[in-house]
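Presented sequentially are two complexes of chain A, the first with chain B as partner and the second with chain C.
Let's look at the complex of A and B:
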């Protein structure tokens, strides 16, 4: 297995190319994610972070450039189920029990009933929802639903997890608990994770590297490494944590590399 | 835990059902009282309509008519005749409903799958319902009579069923189309990320997601199938069903004014039975869904 989980080279995504309402959502993006690495994509609305995630997931094609996942083109990686994905909405199916929601990707892959069931229970055990296996999704709280969605994204045991603001709709307390849970799951499974978020503390707390993006055109302006060792609740109050938060905040304000360009663009608008 | 919850959901439904049955009986009683009051009023003052026993027989006369022989000297009571006619009509309506629902579903699936077909077919689907049934019925009988497929001969009963299906398919196809288009963008992206095949997408996502839209559409379709059957029976003159019976009994109002009302009761009960069957189907289809409807 290669050391590179995701490799993005020269990705452009232009909507309505050649038309008056042309929008450059992604401009010449290069990004490499190492195996086992936790990467956050952060930036204001419209900076293309979700679009970049969708290009990696092959849910939308790039206008130019290439994305590889686990050493293969993104389209092949999707067909081979080399990644799991979770969105801001848990998107659980109401008509299925919690367990059968987790089984869904396995069902589509043609796993046998027994194997499916065993695997789903294993995963529900991991997200501490085994007692709720036969409940309906709508009987669960928002945080619990999101845990089911994470369990589902891990079902086929993919090496990579793509997460698009999965905790965006949760309250602050639940959100912090979910962050700890995600880090624990990552430790247990050794997955590579690409995590889209709006929240600076969330990005810093979770990530090995925070990729800072800026809009119009969507591009990477800075990549900040976070070295806080293994996270505990104390990490959130440590000095290193605040320093990293400040560094990301400054990068978002455009005081990092390429800042003069960023400022002049804001001036134009 | 899940089991006990399911049980309590069932008992809650039964309780709700008992309450609404109570209201229904109260409503029927109120109608009877109003009917008799109007008759009473008509015997005292002049009303703009006829309240005599010929036009508005007493409720007890109607009930007494249940057990009277259909024709003088016959063993068959009016009630038996009405029940067997209603059962006959119900079978035709049921057949029309099943055919209509099947065609409606297939149309919806095809229209959902191919957007150009939605644009091309939907106007025709809508136009089909603007043709008046009265004009259509003789046409279908006329064409049907000249239609045969080997040993299979088109009967006038088949014409009635066809008309019932013709009315039933429309609400179903429109409702089902909306339902098949109901899944959220996120659900669709999720299925896409699983590299789901079109068939998996249809059966694992679109079809189950359409149920909350399908059920009300089926209720409308069932009502349309019953009305279509009764009206088609009358306009095609097919014997054996409740529609024809109402017409026949209506001619006997001078000799037996209560008779036609028994047939009308039969038609009402027919409608209620059809609605009840759809409700059972509804309870089965939505057993796993939240009780508040999203639509």
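Let's look at the complex of A and C:
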């Protein structure tokens, strides 16, 4: 197995190319995610962070450039189920029980009923929802629904997890609990994770590296390493945490180290 | 149970008040039956001829049921075809509006000429056409209007279009389907009944209402109207019961 989980080189994504309403959503993006690494993509709306995630997931194709996941082209990685994905909306199917929602990816892979059931229960155990296996999604709170979605994304045991603002619609307390939960799951499973977020503390708390992006055209302006060791609730109040938060905030304002280009654009943000 | 009772008594109370004031109005104002018969007269007629009522309701109900079945089937099959065509996406709503304006019931005399007027066929056809439209339009909408993120999820799992149809689009369309049926079921009874006004066999509710009125038997005419209402309501309630059983997630807050 290679050490590189995701490799993005020279990715451009241009909508309506050649038309008056042309938009450059991604401009010449290079990014490498190591195996087992937790990366956050952060930036204001329209910076292309979700688009970048969708290119990696092969939900949309790049205009130019290429992305590889687990050493293979993104399209192949999608076909081989080399990643799991979770969105801001839990996107659960109301007509299925919680357990059968988690089983969905396994069903598409042709797993037998018994194996599916065992695996789904295992995952629900992990996200601490085993007691709700036979409930319907609408009977669950937003945070619980999101945990089901995470369990579903882990179903086929992919090496990579792609998450598009999965906690964006949750209240602050639930959100922090979910962050701890996610880190615990990551600890248990050793997944590589790419996590799109709007929240600076969330990005810093979760990530090994925070990728800072800026809009028009969407591009990476900074990559900030976060070395806070293993996270506990105390981490959120540690000095190193605040320093990292400040560093990301500065980078978002275009005043971070190594973003000379961004520095001249302060007025725009 | 107490909860159930609380939900039931207001409509019953309103019905009692309504019928009571109707009776009172007819009595006090001495209104003639050809203008407005009293509820007591209608119910006397209803219960004295209850077997006739039942037979007429059964005849019209059968027409309605056949039309409902075939119309629904036809609507479902066409909706499955339609969702494959991208162009339909933008057409469904204007189509629905346009088709709602077609006076389908007025086609009955033409269909009576085209098919055997002494048979049930033209009536079933009219009912079928009327049922078809709400089913087709709603189910197509349900198949097409899937939450985009659910489609992305299916794509991320490399699902084939036929799998997306089976696991996502069809279940998604089920609440739409029942919405259509709740409109179509009582409508099918009305269509079957009105189509009897254009000649043909005289056993149905529509024929009975017409002939009773023509014979100045207003109490009986209204009794058949009551039988029609009961038939339509029965159709509606059956659909409601099937919906509760088949699609319990309908009307729940979407968790998507």
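Quick note on the criterion: the second predicted complex is superposed on the first by the 256 of 269 C-alpha atoms of A that agree within 3 Å, B and C clash if a C-alpha of one lies under 4 Å from a C-alpha of the other, contacts with A are read in each partner's own complex, and residues count from 1 in each chain.
The rule we apply is simple: a residue touches a chain if its C-beta (ideal position, glycine included) is under 8 Å from a C-beta of that chain, and two chains touch if they have at least 3 such contacts.
None of these values were measured; they are calculated from a predicted model.
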Partners on chain A (chain B, chain C) - clash or fit: clash
Contacts of A:78 with chain B and chain C, given as first, second, both or neither: both
Partner chain(s) touched by A:140 [first = chain B, second = chain C, both, neither]: second
Which of chain B and chain C A:108 touches, first, second, both or neither: both
Partner chain in contact with A:91 - chain B first, chain C second, else both or neither: both
Which superposed partner A:57 touches (first chain B, second chain C, both, neither): both
Partner chain in contact with A:167 - chain B first, chain C second, else both or neither: neither
Contact residues of chain A, present in both the chain B and the chain C interface: 54, 57, 59, 78-79, 81, 83, 85, 87-89, 91, 93-95, 104-105, 107-108, 136, 138
Complex contact set, residues of chain C against chain A: 147, 149-150, 152-153, 155-159, 163, 167-168, 171, 174, 247-249, 252-256
Chain A residues touching chain C - in the complex, by the definition given at the top: 54, 57, 59, 78-79, 81, 83-85, 87-95, 104-105, 107-108, 136-138, 140, 145
Chain B residues touching chain A - in the complex, by the definition given at the top: 1-2, 184, 186-187, 189-190, 192-196, 200, 204-205, 208-209, 211, 288-290
Interface residues, chain A side, partner chain B - complex: 54, 57, 59, 78-79, 81, 83, 85, 87-89, 91, 93-97, 104-105, 107-109, 131, 134-136, 138
